[in-house]
Structures are given as C-alpha cells and as structure tokens.
C-alpha cells in the first residue's frame, strides 16, 4: 500500500486530502443525513482538523469494527470515530490527544431492576462489535452479545431482547430521545476518546496533535460540542 | 498476510471456541433446514393444489424470497418476528433462515413431485384412492426420495448462508471469527481459520451427499 | 345371451380437448363376463374412451351407466365407483417404492380397509394366479416388463372389481414378453371376468374377444362379434384397417 | 411494523438516495460479473486443458469459493487485497465479488463447453485447424451462446449477493437502508423499502433473461 | 493401372482401446483417383481405421504413409497433413453458428490464409458443384440432412485436399435424402477425387467403388475390385456378410 509522502515526512493517501473514517452508526457522534451525507460530532471534528492541517477533508464511512483495520491497511489516513484509548488498541495504532471525554453507561428497559454494574452479574449484555465496551462488560458478566452497531444493540434491547446494553452515555441518551424504550442507569467509568492514526506515521500524529491543540485553544472544539450536545465534553472533567 | 506459524498457532489455540461455534452453526443449519422442509412441503402442496389462489400464494412466497438478498430477509424477519412475539435469539435466527430455505425447498419439492410420472397418480386414483391418500402414500414417498440429493445440497448452501446469522448476534463460526479477529486486531488470521472450518464442513457434507446419491442410484428399488 | 347382465352402458358420449373433438356420440354396451376389444388406428380415441369409463377424463356430455346407475363425478363418490372398475395401464404404473406384495395390498388395506393379514392372504393367491408367487418381496424394478404387467393385473384384481379395463397392456413389452401377459388375460377371461381391452394384438382379439369395437376418428364405426368382424366386415374403413394390420 | 402511510411517505421521500444506491448496486454487479466472466473463462479453459495440474488449479479455485460463505470471502479479499495494493474501495469490493462470481461462471462455461458435441472439435481439427484456433472460432462461440441464460441468472444472484458489499463500506442499496434505518431509528421501514427495490430489480432482470432465453430458442440458428 | 500414384499406404497398423484390440495389422493402399469402399459389420473397426488416417485417433504402432512421407504426430505438423486429407462425418458437423458460406470459407481463410474474397469465390463454385448455390447465407439448421451433408462435402473440398474420407456419410439421413448425397459423391469420383468411403450402401460400393475392402473384427479379411468382391468372394466371412446385406 503506497501512500503519498509529504515534505515533512508524514504520509497521506492523497497529498491534498485528509481521509478520515467514521462509522455513521453512532448518533450523534457520527451519522448520516437522509441524503447520506455524513455528519455528527466526530465528523465535524475531523473536518476541523483537516482544515487546520490545510487539507481537503474527506469523511469515509466504515463499519466500526473495521475502522482500526482500515487505518492499519491504509483505507483511511485516520479515524475520528470515538475510539476510546486503551492499551490493546495502542499496540496496533497510535492515538492523538483526547478530543472528548465521556464514558460507558448501562442502558436498560424502563421496567428493569438493573441499577449498577453489580446487578449485571449473569445478565445478558449487548455491545457493539469492536468497541471497548465488550471488555468493560466482561468485568461484570459472562453473557455478552455482539452487534454490528450500538444502535442495533439498543434497538434489540428496546424490542425486548437481552437485559442491558453498555454504550456511550450520549449515544444512549439520543436513542432514548428518539423513542427507544430505554433508560440510562449507572455511568460506569470515564473514558478518553481520541483520533486513531497508523503507527508508522509519527509525523502525521504530531501534526494532528498540533491541530487539535489549536482547535482547543480557539474554542472550535467546544463550539462543535455545544452544537451537538448542548454541553462541552471536550475538556477533561475534574 | 499472517505467517504460517502464527496462523497455525492461532488455529490450534482456538479450537475450543471454534468447535462450539461450529456446533452452533450446524445446529442452526439443521434446524433451519428441518423447519424449511416443513415450510417447503407446505408451499409445494399449495402450488400443486387445484386451487389457483393457493398456487399464487406459493408463487408470491417463493418470489419474495428469491427476489431479495438473504441479509435483507434476515434483518426483516429478525426484527419483524421480534416485534410480534419474543422468541429466543436462536429461534429467531433459525426461523429467519428457515423462511429463506423454505422457498428453495418448496421449489425442490415442487420439482420432484412434478417429476413423478402422472401415471402414478392415475394408477392410484384408478384403485379408488382419494387424491390426498394417493399423494401421501404414492406420490410424496417417491418425491421425497428424489428430493434427498438436492436437499443435501440445500443443506450445504444453508450452512454457508448461516454465516449471515452473525449479523443478528448468533455466536456461530463467522461471528466468532470476526469478534476474535477484531478483539485481537488480527482479522485476517481468524478469517482464514474460519474459512478452513467451513471448507472442512462443506467437504465432509459434499462427500456424504455424493455417497448418498450413489447409494440411491444403486438401490433404485 | 339374454341372461347376461349389462355392466357398462354408454349413451351419446362426447369429449373434446379444446377444439379437438375426440369422442363423438359414442354408444356402447359391455355385458357381464364379456371381453370387449377396442381396436382402431392411433389417435382414434380408444384411450380417451377407456379413460372416460374410469373417470380419469371428464366427459363433456352423454351418459355413462355402470351396473344400472348413471354416474356423474359431481353427485357420486367417484372413488367408490372406481373400486368396481379396475384398470391396467400400458406402462404398468406399479409403485416403485413398494414391493410386489405391498403394491397389491395397498388399495385393499387403505381403501377397502380390510385387515392387513387378510389382504396379504388374498394377494398371495392372486400372485399364484398370475404365476409370480416367488416374487412377493421383490421391488418392481427387478422384474421384467411382462412380470410387471402381471403384477399390475393382480393389483387391479385385488380390489375385486366388476370390470377390468386394459389400455394396450402389451405394447410397451418386448415381443418375447407379450405372450405371458396375453395368457394371463386369457385365463382371466375364461374365469368370467368382464374386460374392455384396447389392443393392437389382432390374434388375441379374435381368439379371446366376445365383441370387437372398431373406432375411427372418434366414432364407433363397426361393432360385431369377432367371427363376423374379422371375416366379414361391413364398413369400408374396417376393411382398410384390417388390411394394414398383418394378422398372423 | 410501520404503518403503510409512513412506509409510503418514507419510500417516496428517499427515492433520490436509493436510486443512487441502486445505480451503485447495478454498477458493482455488472463489473463483478464482467470481471467474473474473464476469470471464469480463464479457469474453465484451465479445466478443459490437457494439462492435469492446470485442471487441479481450476478445481481448487472452484472448491475454495464454493466451500466458504461469500461473506468470509469478501472480508478476506477486501482486507487481503488491501494488504497488497491499495485499490479504490469500489474496485476492492467489485474484485471480491468477481472472485466469487468467477467460480460459478467457470462452472457455467465448463458445462457449456463440454456440452458442445465432441464432433465439432473433430470437424474443425480435420480441416487443419490447430486446437486453439478451433476452440476460439468453433467451440467458444457456441459455448458462449449457450452460456447466456445461465449467465443472466448469475447476474441476478450476483445482484443479491452484492448486498454483502455493505459490510465493506459500499454505499449500495442495503448499506444505505441500514444506515438510514439506524440513524432514523426506524430500521424496519428502510429494510422494507430496500426489499421493494431489490424485488423490482430482480423482476425486471428475470423478465429480460426469460425474454432473451426465448429469443435464443427461436433463433436456434 | 501402373501409372497411378499411391496416395495412402498403411503398414501393419495396430490400435487398441485399453484391452480392446480394435485394429490388427492393417495393410492397405489407396491409389490416386481411386474410390475405396470400406465395408464390414458394426464394431469391425472401420471408423477407427478412418480416424487413424486423419490422426483423430493415435495409432499404437505401424506406419501411415501419405504421398510417400511417413507421418508421425510427434515429428510432423499434423495440421499441415490434415489440410491434405478432408473428412466428412456421419453427423455432418457443420458449424451451427455460421452460415453455409462461412462454414466453407472458415478453414481456407483461417488455416490456408487465402484472401477472403478469393475464398468466397471458390466457396460459391463449390456450392454450385453440390447444387446448393441458393443456400449461401442460410444457417445449417435450416437445411435438410442431405443438404447439410452436401455442404459438409463442399467444406471439406474447400481445403483442396488430395483425398477425402467419408464415415457413413448417408446413414444419419432419412432414406429419401440418401440419393442426393450419393449422387454428389459419385460426381466427385468421376472428377477423379481420391476417396475412402465407409459405407453400408452396397449399391454405391458396387457402382462407384474401384476397390472394396472388407473388415471383420479388426482385420482386413478381403480386398478386391467390386466385380470380383461381390460376385466371387473368396472368404467364408465375406460370403456371410454379403448374405445378410440385402443387395438391391
């Protein structure tokens, strides 16, 4: 897989564009409009980063579980797709500095007795394939269902399947607002989400981090956050 | 591409999980084919009945299944069935696959029933047998026998098709492969491993179907 | 012949397939214990007439009267009527998935509902009659054509019909196998079985037939006892037909 | 189940996106069948060549494709091809599908080539034509003609199979349906809509294949 | 006859299919402008011999000498040799996807590489010769069997062969079409074409043949001019064979 090499040593699929992946199935972080244009918080952050890098942004939809592989194999220059930083992923790809802070939450049907992680024991918990929530869930139960996307998992939950879903609290809240019969329970932990880059491209990582820093400084990041969530999730909570 | 030694290590290291998954795949396939046989027989009988409307119903069913991709059917049925009554996951997946297999099996039965010499029905009727009795005692037993090899083939096709149950969270072979693959960031190795499992299963089944076909041909009793 | 009962009476029977008028005003009578041989060239309607007699084809109009009762598929239970009318087909139509014995007892046990052991008993007697007592448990595919046809006759007899219909029972057979089937049929005739036989075997018709019916183009052209029919045909058509048929 | 009026509104409201997706589906199918024909012809020729090893290679290819689920093949090829050279997504998906279709098309060609009377080859050879020329001028044109109806069928099968390209991020019909469905939290409606699109496409194609078959049968020149 | 050139010479030719020894020590000679008729009962090896002559079958051992040169598929270009030896098959084997004209010019243009317009010219002359000048642009399926076979002859002639082989050229034809093909072949013979004809048409063999070769069980049993062969056969086998063949 041959990429274009820039003067500063960073490598891009095409020297004029910044191709970044997002799943499109993680509303409101990334989703598509009814005309299939990709949008959402992740996507807008990606666009802002591209602009900061002086490159043409190209947002590309890849199923979530294929994104890391996609970045590794050069199908995208980077992924702005709500990837939680964790050690397993760090072995295969590089992470930028976090661009938002969030955390997995337990979602259940309104009539459920499940309140905290301790109630999950032995219960059937669904998560999106390739997400870090699988390993989160493993800590509390042995009975895990894998779905292709968070929304499919929530949909199945709402329809009466399995006992709980662990997903990002913002995603769950949005689905509940859209009429899914679900409720959020315990917020399990805090997590940091970052842009994913290939490991063999340190120069690009450096430039992306610089770009993120600039966007933090000039308030662009928090502006995008407020637009999508009504609150700023881009600063580290105390 | 993974190195051969890495592939081999992963293959031997994962046999436990994969054998469980293989059993689930086989179970899913067997149940969906068996239920598919019931569905298929039902629609084949509708089709050969003298009531035109019933024939059309059968045609529409077959057309709907043959006219849309399996993955679309699986999603619709899985969520559709769920919307009506809540079946356990296994049964929801198995029924979705059975609905699909049923249309192909209906065509198999229709074909083999129509391949039975019209004279057999006439001979039975001329002995005073009512149509339903003649069908049950004379036509269907012969049609079933002829249907066995194509049913064997449909089993093999159904086995491969069951991989799509991965998308409705069945932990069958393909789902296990992609899950392990993405957890270990090593999709290729696990995909190749699961391909080996499928190849072996298909090889064994093909062998059985062929043996069986030969045996039927010999004992053309 | 006054004392003979009329088993079958056909009056003004008509049958068309679409535009093709296949049977035209057929009038016919079959008396008890008689062997009626239906002859005529290909396409003249012999099979269709026979099939109408067994209601495998639906007549367009006319009457079919069996043992004094007019039969109409709408009003009578046709299966009951069929129990009285056995049929033997050109291509035997044995049930290939059943042994010879199972073939024979199938209808008695499932239609006449007689006990299985009685049916087996009777079947074995019939097999002796057709000379196949050693083939009881064999599958049809293991039999020669002639043997298959004799089993088919036994199967029809097992329903104890009042009349047996044969549609060219020997024309699918190798020449050397024709004899055994004709012999069986002749024995049946001697036992007093009422039979209607569509055949091209003129020797058989002449020897065994009590009455010959000659059809041409959907009509019965001539109908007479064999002595008269073969030596002294009335109609031009009949003479022509007999000329083309080499009578050995 | 969505209400009919809601279904109908969504159907009419989304035609633009779906027609784009349909074109991509058709494009993907057409390219994968065309490339599949090249691959299929190649392996069919290997198979009928006199060199045994080449025949085995062809057998192995067909066996690998027929022995594993399409979804496994698509994933392996998509990531496998990506590992070697970076093709545009469309081509990676099209090649993966072509690789799959190729095996079935190879079997179609093998069958039709072998269905040509052996005497045609002998007649050509007796006129002094070398084997390759006889193949090109005499056997293949006849085999191609006979292959057209089954190729038409393979196109229909390929059309449905192309739905699996959704999983390697092609915005074809099925992908658009599930994406819009999940973003509007209304999967069922969009799945039913996409089923309608497939049904119409398959109906049209079936009609064309049948018409064509009839025309071939008439002009049996 | 001393001045006639030897076109084909076969010496001690043997051919087996697996265990089946089909041709046994065949010795044979075909002189220029001669018509050799190969006769014999079914399975005697006539077709195999003819096919060996055209290298469609590989001989096991023995020599095939064509126009003085021994031919071995390993050393010579067999396609070059085949250009000299035309063959006409029992089932015509016209190319169904080509018109009559295209069938005929196919080999001349693609093998002999002569210009297309010249090939068309020659093809039309040949079609006149076989009496089918009005069928130029017709596809084979629209022709009767006899017409197809005559096109096949024209196709073979278009390569200007030194010898033509025929394998039962009329036995796939309806009886009323046999005559037209035999007439064409007779005309060819009169034009001086060298021909080897496997045939069951004894009338043709007697009238047109210059030499009759009788095969039995893989051997040439008798070989003589027709006058001698038919009226005065030497061998017992030959007499038997001629008795079973009704010579009209």
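A, B, C, D and E label the chains in the order they appear, each numbered from 1.
The definition used in the following text is that a residue touches a chain if its C-beta (ideal position, glycine included) is under 8 Å from a C-beta of that chain, and two chains touch if they have at least 3 such contacts.
For each chain, UniProt lists the protein as follows: B, D = Amino acid ABC transporter permease; C, E = Amino acid ABC transporter ATP-binding protein.
Keep in mind the model is a prediction, meaning the values are calculated, not measured.
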Far-end chain from chain E, centres as C-alpha averages: A
Far-end chain from chain D, centres as C-alpha averages: C
Centre-to-centre distance between chain E and chain D (centres being mean Cα positions), rounded to whole Å: 46
Between chain A and chain C, centroid-to-centroid distance (C-alpha), Å: 83
Averaged-CA centre spacing for the pair chain B and chain A, given as whole angstrom: 38
Centre-to-centre distance between chain E and chain B (centres being mean Cα positions), rounded to whole Å: 56
Of all residues in chain C, the ones touching two or more other chains: none
Touching two or more other chains - residues of chain A: 66, 69, 155
Sequence positions of chain D contacting 2 or more other chains: 79, 83, 187
All touching chain pairs, where touch follows the definition stated at the start: A-B, A-D, B-C, B-D, D-E
Chain B residues touching chain D - in the complex, by the definition given at the top: 1, 63-64, 66-73, 75-76, 79-80, 83, 160-161, 163-164, 166, 174, 177-178, 187-188, 191-192, 194-195, 198-199, 202-203
Chain B-facing residues of chain A, complex: 65-66, 68-69, 72, 88-89, 91-92, 126, 129-130, 134, 145-148, 155-156, 159-161
Chain D contact footprint on chain A (complex, rising order): 1-3, 13, 24-25, 27, 31-32, 34-36, 60-63, 66, 69, 73-75, 149, 151-152, 155, 175, 178-180
Residues on chain E engaged by chain D in the complex (per definition of touch): 54, 56, 79-80, 82-83, 85-87, 89, 91, 93-97, 106-107, 110-112, 139, 141-142, 155-156, 159
For the chain D and chain A complex, residues of the former touching the latter: 13-14, 16-17, 20-21, 79, 82-86, 89, 167-169, 171, 176, 179-180, 182-185, 187
